[in-house]
Structures are given as structure tokens and as C-alpha cells.
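One structure is given here, and the rest of the page talks about it.
Chains here go by letter, A, B, C and D, matching the order in which they are written, and residues are numbered from 1 within each.
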Amino acid sequence: MSFPLLTATAVLPAVGAVATAAVPAARRTTAKWLALLFSLATLVLAAVIAVRFEPGGARYQLAESHAWIKDFGVRYELGVDGIGVALVALTALLIPFVILAGWHDADPLETGSRRWRPTQGFFALILAVEAMVILSFEATDVFLFYIFFEAMLIPMYFLIGGFGDRAHEHGEQAAATQRSYAAVKFLLYNLAGGLIMLAAVIGLYTQAGNFSLPEIAQARANGSLHLATSTERWLFLGFFFAFAVKAPLWPLHTWLPNAMGEATAPVAVLITAVVDKVGTFAMLRFCLQLFPEASKWATPAILVLALISILYGALLAVGQRDIKRLVAYASISHFGFIILGIFAMTSQGQSGATLYMVNHGISTAALMLVAGFLISRRGSRLIADYGGVQKVAPVLAGTFLVGGLATLSLPGLAPFVSEFLVLVGTFTRHPAIGIIATFGIVLAALYVLVLYQRTMTGPVKAEVAKMPDLRVRELVVVAPLIALLIFLGVYPKPVTDIVNPAVRQTMSDVHQTDPQPEVEAAK
Amino acid sequence: MTTQLAAYATSTGEAFQFWVLATVAVIGALCTVFMKKTVHSALCLAGTMIVLAVFYLANGAYFLGIVQIVVYTGAIMMLFLFVVMLVGVTAADSLRETIKGQRWLALLCGVGFGVLLFAGIANASLKDFAGLGTANAHGNVQGLAALIFTKYVFAFELTGALLITAAVGAMVLTHRERTERARTQRELAEQRVREGAQVPPLPAPGVYARHNAVDIAGLLPDGTPSELTVNRTLRDRGQIRDVSDQALSDLKALEQHAAERLERAKPEPTRKRTEEASK
Amino acid sequence: MNPVNYLYLSALLFTIGATGVLIRRNAIVLFMCIELMLNACNLAFVTFSRMHGSLDGQIIAFFTMVVAAAEVVVGLAIIVSLFRTRHSASVDDASLMKL
Amino acid sequence: MENLIALLIAAPLLGAAVLLCGGRRLDAVGHWLGTFLAGASFVLGAVLFTDMLGKAADARTVTQHLFSWIPVAGFQADVTFRLDQLSMTFVLLITGVGSLIHLYSIGYMEHDERRRRFFGYLNLFLAAMLLLVLADNYLLLYVGWEGVGLASYLLIGFWQHKPSAATAAKKAFLVNRVGDMGLSIAIMLMFTTFGTFAFGPVLDSADKVGEGRLTAIGLMLLLAACGKSAQVPLQSWLGDAMEGPTPVSALIHAATMVTAGVYLIVRSGAIFNAAPDAQLVVTVVGAVTLLFGAIVGCAKDDIKKALAGSTMSQIGYMVLAAGLGPIGYVFAIMHLVTHGFFKAGLFLGAGSVMHGMNDEVDMRRYGGLRTYMPVTFVTFGLGYLAIVGFPGLSGFFSKDKIIEAAFAKGGTEGWILGGAALLGAAITAYYMTRVMIMTFFGEKRWQPDEQGNEPHPHESPGVMTIPMIVLAVGSVFAGGFFSLGDRFLHWLEPVTGHAEGNSPVSAMTVTAATLVLLVVGAGIAYVQYGRRPVPAVAPRGSLLTRVARRDLLQDDFNHVVLVRGGEHLTRSLVYVDHTLVDGVVNGTAASVGGLSGRLRRLQNGFARSYAVSMFGGAAVLVALTLLMRAV
């Protein structure tokens, strides 16, 4: 038996979480370095996975399978396809940056307090989230997936509710109130989704007799497991609802602005760039594979909802007064694109959606983390409190602009590739929806540039006049992300090569082929 | 004879006994519930239990009948009485209901439940009566012992454990752990002086030897009672008997009596007036 | 006479006891009412024992007594300690267990 | 040789990367590095040009495949460059004018502490623009297309501390985005129609597709061109873009970037040729814009804005020509090149004037500058003569050809378009004469600036005048050089194709009419501004003047309809999100909370109360048991 690489990738951050939490209260810096070390080691393992993965090989590779709960046929089954590899890599990649960006976010306010250990807790929770997210990307057993899909809410809840921005326009008390509101809202929304999914998981079990995704999918494909039309639709809706809450899709989105607004910037990145990706990933992996017919049945409605998400999120982003909430609504818009790509049922759409997940993770991380650095300097999240930052902190402003340009999908940066693929993929099958979605790129330019103009340009406000530029630690966080954005924008082939075979198989699962061009162009 | 008593057909004697004693038992039960004073309730309950003991005997459960009297009525009810005494034997319970709608709901539930039980018993097919003739053939106690030590031995052991646990539990609940060093008499005295508490011994209670006089407050020179003279437990229970009025009126009557006898004073004007009115 | 009458008596006593539990506030009386209910049950068990001609019913009644004894011991201990702290034996005074 | 194409782009890209990431260490040498790399790119372009001249006319197209960019199933986008005569023309124009303006900027931006960054942006612009014209497929072109938009955004807003500059930059980017939307939809349409969006296959098989589809593609491409080239209805950003430093206005908003739309239309000629309806729309847009820009140019007192109106108008000529099909493509590009020379020269001249006048832009505060700035006066004057179409100079040749071609379109359309073009020529003469007189002639109307500094006009340093002289030479001779023996026609014909139209009026008539109108236009301007003193404060003017000063109310329309409407929309959506979408959720939570508040009263803490419910429950259970047995 070979080395259980997938398990190791998930166990390593989990061990790191325990180790970090166990560090004595006084040794805060040790805890930080320990967490960073473990996240980097996980990144190395993820890189090994990406290298050992053969794009042309079997569908699920590096598979592991052990009996777990024999009575219910629950197995500990892991395996990754191209989409999984991409997202595991994304997660492992982002966590070190999140840790580094949040280096001082959880330092206790009064120095010398020995009993409470917020720092250790903060980094341990981040690593715990990483472990669970990675496992849910790797699980091919529906029940196993469900467990981690739900379990990651717990550390997220504490991260949102326990650690917020130091400063708040209405004072510490109001901050605490809003934070706990956001955390509870996050938890309730996702628990509601998870509960419905649990019902669907059990329903699936009563029909299929086991939880193994490959087995069920194969049985569905060769006809040995036939679901009644209505059963399939209900089960699909049960799964989809949970993923749509997590993703989040309009109108289930309202928890995201609250959560991202109240959490610290690194945690906000964790929410939108890592945890939410599980939702869209699961749509692609579970909804489409397990319920191909129902997926096709629901496609028109989902496309319309995704379209609303795109435009609605973008319009609301324009109307925000709070930097972090603006990014949150922008993310809602982007998730609309991802879902649009998934349910466009074309190779371009689905490859684009997968690529979009990766790119959105990186670009939002870049924008949000720089925004976090900005907020930590001035102590306010309100756009109106800034102005002229470009003059005093040009590097900060420059990185912020690059992050913003990535968010508005400027060609040459990574998100453009994915966004265009999604649009093309949608357009080939649903031209009208594709055209309306294109309005999203204009609105994206609007909210990004308005944000940039109001915060970075214009006369220097008195409060920002002494603002220091990016420090070395912060530059170490941002520079690699920007380099990645440019690299993946110019040369996305390494990722598409890994993703394409998986998308091809998903397309054949739902019995779809790409529409053919009208004329065969002369070569 | 024993076998016959427990046989299927009940004798007329048993029927007579049943109707008389059942009446007593029901009255006892009702009194238990509705008596104001706890002691009365306890006594009524004891009566009901004795009646039940008789019924056990009548039903061929000789061992249980005896146990009912010895253990239940004898020991458990005594325990009740102890507690009643501890809490205050004379404290009367107000029967006024304080929770809104509680009484009506309780009665409704009670009556409904009773009706349902009766209906259930009436509907049950209880035609066949085996009687205890064969079961009690080798003696009731032997029969029970055979069952307890074979079939129910585990349950029996468990009840033993339960009893021990209960005994320990009762000790733990009522025991008050001393959490600090006991203070010496000197320290206590110093503390009293420092706190300005009553330094000399407390005054003695009243000395009217008509009751167990500890619950009668002693009178101050002006004739008002001093609560300090009564034990604090009695004070908390509100069981101080105030005899000051009586003492004062007694005194007044005595003085008047003496005055009349010595013809030093004029007769009371009020009394005279009433006499005139009656005329 | 039909021995079923014993059952009716048992039911009646049980109901009276239950009603007493609901109506009375004094913890001691309340306990007595519970004893009454237990005794009513015992009567039913003994009667059933006679009906079925087996001693199991009496065994159950016996166990009931033991359990009742244990319960009384603990219950009275609780009442005593309650009285110590609250200077009252009314169950309504111990009504802090609410939101 | 074709392997060098990528180097054309790589050189300025390298410059941009080094200058933008290099930090303050490069402040001292940054401008020279940027200029050197732009010049290197030009030299490389010249080398490639001579190489191309050595080949046969129909074998001059070379491509360089770098790598596969986005491969997903049928969607194959490659990074491939294509260098043909059309691209080569642009490469030389961009790198040539670009290098000159780099040189000029060394002087112009001398006192700006962020000069290094400026050169970084300029290099970035060159790279993006070269990518735009060298791309071999529409998607790669799109990258360059947005890249120049980004550079334009950065450069317009270069003086970010001025809110007006930041707003103008944002506006330019946004309006361009609307156009970009058209381009992306066009690419998507191409993909669904042809299964590819590489130039070769798409243009070769355009005739196999139905006209409706091609019209749709053409209109979307036109939308893109409108955005980038400031054509009606997306022209509003160009005037505001003058907030940027003047070299930027010269390079990006006069000579190169704004002509990208013309390039796009000419490049997609095969599509437009097969879609006459789209072509008609293109010509209408061109004609409307050329008049629109000219009228706006007449009313502006800001020298740069007047020139911006002129740019808009001249590009209108080019778009008009491009819309005419094969009879106009070559002339569109020819006018584009000559316009690149003289308009860049004019802008540099304007910059030189501002440089000497404490950055004053109001022409009413100039006057009589010809003696103080002789070189600027001469070069500006030559540019002026070129743009109004003085016989023998560049504009004369290129603009005349377009007017002729417009008449050659034939039918009523031909008359209308030709008439519009002629009218435009007259207005051009008017507003350019006005600029010339107000700036260089008449009495001095100088006024101190806000700090009270009296202007001391002086000639600019050599590093600024040399580019102006070079461009002036180009303005004078380029047209003649191109037209003699139809050199330019033969050069471009293999790529764009060419057809001679049959004009209802002879070439001589058109030329004569143009000259007459030129004299009339210039004469009116002379009467208005040369004979009478120019008031230092603009008079209220006629309704038309006032409307023209406000860009013919385009901005007001945008403001009322789009900005206000958008604000209301977003505000109401924020409200809806807060009260309705969130309200449903919070309402559910509140009602659950309320219900539990009611139920909580049952939890009154009285043990007896709980006992009642327990007892009642037991009763119900007994009842149920009995009922079940009864049933």
C-alpha cells in the first residue's frame, strides 16, 4: 500500500492545529511560526499531489478507501480528480498567506495577559478550517463529505465571532454585537442548508444503499440504480440548497456581507476564497454527477438565479459604504459567474468555472488582504474615511489597484481567462443569458474604480497623512499573490491541463456535448 | 384456610371488610390531600396505609402486609413525622391557590385520568382468577424468597445499591462541610465585640409557666415583648407566641380586681353605661 | 364480590394522590401524596398477583416499597436542606428555574 | 526574422516592469531607460520593416506562435503574433511617435517627482498597443485593447491628487468598458459561429455565414470601436481625458490609442464587407462624430479640449472611411497615420505653450505668443496647415481622399456623407484657425495664476522641441510621400483590399470645393477672432455655443439618465437587500423568537405546573392507548 498522500495533506494541518493550540500562552510568536510552518508543509504536500496527478489517468487518483461505519456502508474514501487537485492546491496555497496576513490580528490587547490564549486559538482555528476544507475536497464518500462540510462551520463560527477588527465606528460594544450577529447568521444559514442536505444524503442512502460517489455515479450511469424523476429532483434540490447557501447564490447570500464585514480581513479571505469554494465545488462534483437529469431540469432556474446574483451583487457593491462589504458583494457577483459556468453545461463553462474558483480565490485574497492592511492602518472600514492614500503609500495603493483590476477581470490577469471562458461557455448555449451577464463586467469596473478613486486618489485626508506604506511582511503576502495573478493570466495552461479531463468526464456524466459552430472555419 | 382466603371467590366477609375499609382508605386519602396541617395529613396517610396493609393480607400477600405496617407505616411515616416536626409542626399550609388556573387544570386532569383508568379497568377482560392457592402452597414468604433470590436476584442486588446510594445521598445533602478552621472561643468573643453584637448573654424567654415557655418572648419593662429572648429557629418559623397582650390585660384585670376588693377606685364608667343601656 | 374492586380502589387512590401532588404546595404533603400513589400501585400489583396466581406482582410491589423508601430518604433530605436555605417548605418558592 | 516580433512587445513591457517595480533607486535613470526601450522597439520595427520590404507584396504576412494560451475543448486561444502591412504601419507609427513623445516627456515631466512611474506607464501603454496591433486573434487583441485602456486610465489619472483627473480616468475606463462589452460579445458570437476567433479562419470564412449574424458581429465590433475611438455615443470620455499630462494626450488620445477602433474595423473588413447594414451604421457613426467633434471643438476655450474635439472629428473621418468598405480602408489608415503626425505635433505644441505659461490652458489668456516661442509657433503652424488641408501638406491628401470616397459611396447616402465630410472640413478650418489666432496672434491676455505668478513665456528646451520639429516634418511631407504614385495604396492593398468607387463628382470638383470651404471657414474665424479683440472672459454666446461648450449635452444626458438612474437603482437595491431579502430571514428569526417568547411563559418555574402538564400528557397517553385498543 502506498503512502496515503491525501490523508496526510489533511492530517498535517489538523496536527498543526492541535500543536498550535497547545503552545503555552506566553509563547505567542512560537505559535505563529508553528502555524506558518505547518501550513507551508501542507503546501508542499499539495504540490506533491499536483505533480503526481496524471491528467490523462484514472478519474479519481491517489485514492484511499477504508471501511468506517460498516452498518451503514460509510467508507473513508478519498480521491481527487483534476478539479479537486486544483482546489486542494488553492487552499493549501492561500492558508500561509492568510496566516501571515493575520500575524498580528489576534494579539491580545493588553500585553502580559497570560491566561487567555487568543493568538494560539486564532491560528489553530485557521489550520483546523484548512484540514476540513481539504478533506471535503478529497472525500468521495458522500457521508464523509457531509461531515466535513458541516464541521468546518464550527471553527469558522469562532473565527468570525471571536476575532474582529480592532476598531469600529460605533465603538467596541457595537462591534462585538455586530460580530456575534454575523457569526450566528453565518452559522444558522449554513446549518439550515446542511440540515436539508442531511435529509437528502439519507434519502440517497435509502435509494442507493451506500454512500460512495463513484459507485453511485456508475450505477446511475449504467442504469442499475434508477431513481424516479420526482425523487431525483427532490434529492438534487436538497443537495443544491446547501451548496447554494454556501456558495452563496441569490437570495441566500445575505450572510456573506455580514460575515465578511465583521471578520478580520484574513478570515474574510478564508470565508470567500476557501470555504465558499466547497459549495461550488460540490455542485460540480455531487449535483451534476449524482443527479444529471435533475440538474438539467433545474438548469434554467439556476441560470436565472446566477444571473441575478451577478448583476445584483455588482449593483449592491456599487452602493456600499464599507470596503469589506463591497468586496463581499463583489464576491457574490463572482460566485454568480461560477455557478453560471457550472450550469451552462459546456466544457468552456465548467473549465472556466473551475478556473474561476482558483482565480477568484487568489484575486479576492489579494484585494481583501490589502484592504485589511489599509483598514488596520486607519482603523475604519468606511470608504469615506479615506482619500489620497496613493500619495502617502504608493505601494499599498498600487497593490490595491492590481487586486482591484483582477477583480474587474482585466485581461492579462488570471480572472479574465476564467470569466471569459464562463461567458463564452454560457453564450454558446444560452446567448441571451451570456449577453446579460456581460453587463457584469461593466459594473465590476464601476465598483472597483469607484472604490479606488474614493480611497486612493484625490487630496490627502488629514487622518491618512501619516499612513505608513506596506511593511516587508505585508509585501511578502501580496507580492506572490500578484505574481500568481499575472502568471495564471498569461499562462493558465498548467491548470487547464489538469482540469480539462475532469470536466470532460463531468460533461459525459450529464450526457452533454458542446454546441458545434455554425460553419467549419477554414484553417 | 390460607389458601381459601386467597381463592378465586371472595367470601362475604372479605366483601364486607372491603367496603368498610375502602371507605376509610378513601377518606384517609382525601384528608391527606386536603388537611391544612401537615401533621394531620401524615396521620391520615398512615391510616390509609394500614388499611392497605389489611388489603394486602386479604389478597394473600402476607409478607407484604406485614412489611407495609412495619416498614412503611412504622419507619417511613415516622421519618415523615420527624421532618414535619423539624420544619414546624404547627405551620399551617394555606390552601389558597397562587398559580393561575392550576387548581382547575389539576382537577380536570385528575378527574379525566380517573375516568380513563376506570374505563380501562372496566374494559379489561379480567374474568379469570387464578388465586394464589398454588403459589402460596409452600408459604408466602418462602415463595417470595424463592423468586427474589433466583429470578430477581440482580434487581434485588440493585435495590441494595440503590438504598446505600440513597443513604449516602441523604447524608451528603444534609451534611454541611466545614470549610474553614473552627474559630476558638477567644476569637469568637473578639469578633462579637468588634461587630458590636450582643455581648452579654441573651435575655431569657418569658417565664409564664403555662406552655413550654421557650416560645414566649420575655417582656421588656414597658410590657412589650423582646424577640431576642426566643430561639432563632422559632423566630424564623414565626412561632413566637405573643402573650404580652394577655399579660397586660391580666395585669390590668388583677389591678382592677384588687382595687375593687380594696374599694379604692370607682367602678368603670363604660361598664356602667352599658348597664344603663341594657336597662 | 369481584376482586376487580380492589383495582378500582387502587385507581381512585392513585387519582386522589395525583391530584394532591398538583394542588398542594407544601413539599412534605406533596411527598405524602406521592407515597399514596405508590401505595395505590402496590395494591394493584398485589391484586394482579392474586388474579394471575403468581408471586411476581408481589415482588414488584416489594421492590416498589424499597424504591419508595430510598426516594423518601433522598427527598426528605432535599426538603430539609431546602428549608435550611429558604426557611420554607413550599415548592412554589423554588421557582427560579425559568427563563 | 519573424521570431523577433515578440521582442517588439517585450522591450517596452520589460521597461514597464522594471520601472514600476524598481523603486526609487531608478528615479535618476528611469526616464532614459524608458525612452531607450521605446526607441529600441522602434529600431526593431524598422529592421522588420526593411525585411518586409524585401519580400513579395503578397508574401509579407508573417506569424509567430509563442504558446498555447487558453486550451479548453473547442476553445483554443493561442498567443500568436501576426505582422503584415497593416500591423507594420501601426508598429512604426506607435513606436515612432511613441519614442518621440518619450523624448518630449523627459523635458515636460522634468519637475514631477513621479516621472519614473510616468515612463513606466508610457512603456506599459506601448506594450499593450503593440500587442493590440500584433495579435493574431481577437482574444489576444482584446488583451491589448484593455491593456491600452488600463494605461490610458493610469495616465489620465496620473495626477491623482486632482479629483477631476481621478474622475476623468474612471470615466474613460468605464465608457471604454461598455465598448469592451461589445468586443467580448463579438468574440463570443465569432466563437459560436466559426468555432474560432483567430483572424485567418474567421475572415476567410466570413462569406459562408448568414448576413444577419455578420451584421450582429459587425455592430458589436463597432460598439467596441466607438468606445475606444470616442465615437458617438461613447465619445464623452475624450474631452475629460485631457486632464492627463499633455504628452499622454498627444500619444494616447490623439495619435495612437484612439485610432484602435479604426484598426479594428479595417482589420475586420471581411466581416463588414459582407454586412452592408453594419457598414452603413459605421459610416453614419463616423459622419455624426466628425460633425459632433468639430462643433464641440469650435466652442472650447481650453486649448487641449479644442484639440480633443478635433481629434474626435478626425477619427470620425477615419471611421467614415472605414465604413465605406474597400474604397475607404486604405484612406482611413492613411489619414490615421498623417493625423498621428500632425495631431501629435499639435498636442506637443499645446504642451509646449502650457509649459511656458504656468500650465494655463485657457486660450483666452494666451495671445501673441509667436514671438516668445518661435519654434513652437512654427511647428504648431505647420501642424495647423496640415490638419486644415492646406494644399500639399499631409491632411490635404488624406482628407481629400476620404471626402472623395464618401461621394463615391453613391446614391443619396453618398451625397449626404460627402456633404457632411465637406462641412466638417469647413468647420475644421474654422476652429483650428480660431485656436491658432487666439494662441499665437493678437495682443497679450496673460494673467497671473492662482499663486500670483506672472507667466514668463519662453521657448521649451531642446528635448521637447526636437520631437515637435520631427513631427512637423512628418505633417508636411507624409501625405505627399504616401500619395505620390499611390505608394500607400499599393502597400496596404494586399491586406485590406481596394476598390475604386465611381464618384458622381470628379476629384477636381471635390478638391476645389474643399479649398473653398477651407478659405470660408478660416476667413470667418479670422473675422471673429483676428479682427476683433478676444474677450478675456468668454461671452455667454448663442444657444448653440453654450450647448457645444457642454459637449452638446452628452454629459448632462449621461448624468441624468445613467448616473442618477444608476444611483437610484443601487440605493433602492441596497434598501431591498436590507429590508426585503434580509428582512425575510430576520423576520423568520424574529417570529420564531416571538413564538418562543410566548411559549416561554409556560415555563413559569413552578414544579407543580410542570407536573400538571406531565400528568395531562400521561392522561392523553392513556386515552390514546385505550383508543388504539378500541380501534
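Basically, a contact is a pair of C-beta atoms (placed from the backbone, for glycine too) under 8 Å apart; a residue touches a chain by one contact, two chains touch by 3 or more.
Keep in mind that this is a model prediction, so the values were computed, not measured.
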| item | value |
| --- | --- |
| Both-way neighbours, i.e. chains that touch subunit C and touch subunit B | D |
| Chain centre separation (subunit B, subunit D; CA means) in Å | 102 |
| Whole-Å separation of chain centres (CA-atom averages), subunit A against subunit C | 62 |
| Where subunit C and subunit D are represented by their mean Cα positions, the distance between them in whole Å | 95 |
| Distance between the centres, which are taken as Cα means, of subunit D and subunit A, whole angstrom | 36 |
| Contacts with 2+ other chains: residues of subunit C | 18, 22-23, 25, 92 |
| Per-residue multi-chain contacts in subunit B, two or more chains | 99, 102, 105-106, 109-110, 113, 117 |
| In subunit D, residues with contacts to at least two other chains | 604, 606, 608, 612, 615 |
| Touch relationships between chains, expressed as pairs | A-D, B-C, B-D, C-D |
| Subunit D - residues contacting subunit B, complex | 604, 606, 608-609, 612, 615-616, 618-619, 622-623, 625-626, 629-630 |
| Subunit A partner contacts - residues on subunit D that touch it in the complex | 20, 67-75, 117, 139, 142-143, 145-147, 150, 153, 157, 160-163, 165-167, 169-170, 173-174, 177-178, 180-181, 184-185, 187-189, 191-196, 200-202, 204-205, 208-209, 213, 566, 569-571, 573-574, 577, 581-582, 585, 589 |
| Residues of subunit D touching subunit C in the complex | 600, 603-608, 611-612, 615 |
| Sites on subunit B touched by subunit D in the complex | 99, 102, 105-106, 109-110, 112-113, 116-117, 119-120, 123 |
| Complex contact set, residues of subunit C against subunit B | 1-9, 11-20, 22-26, 28-29, 31-33, 35-36, 39, 42-43, 46-47, 49-56, 58-59, 61-63, 65-74, 76-81, 83, 87, 89-90, 92 |
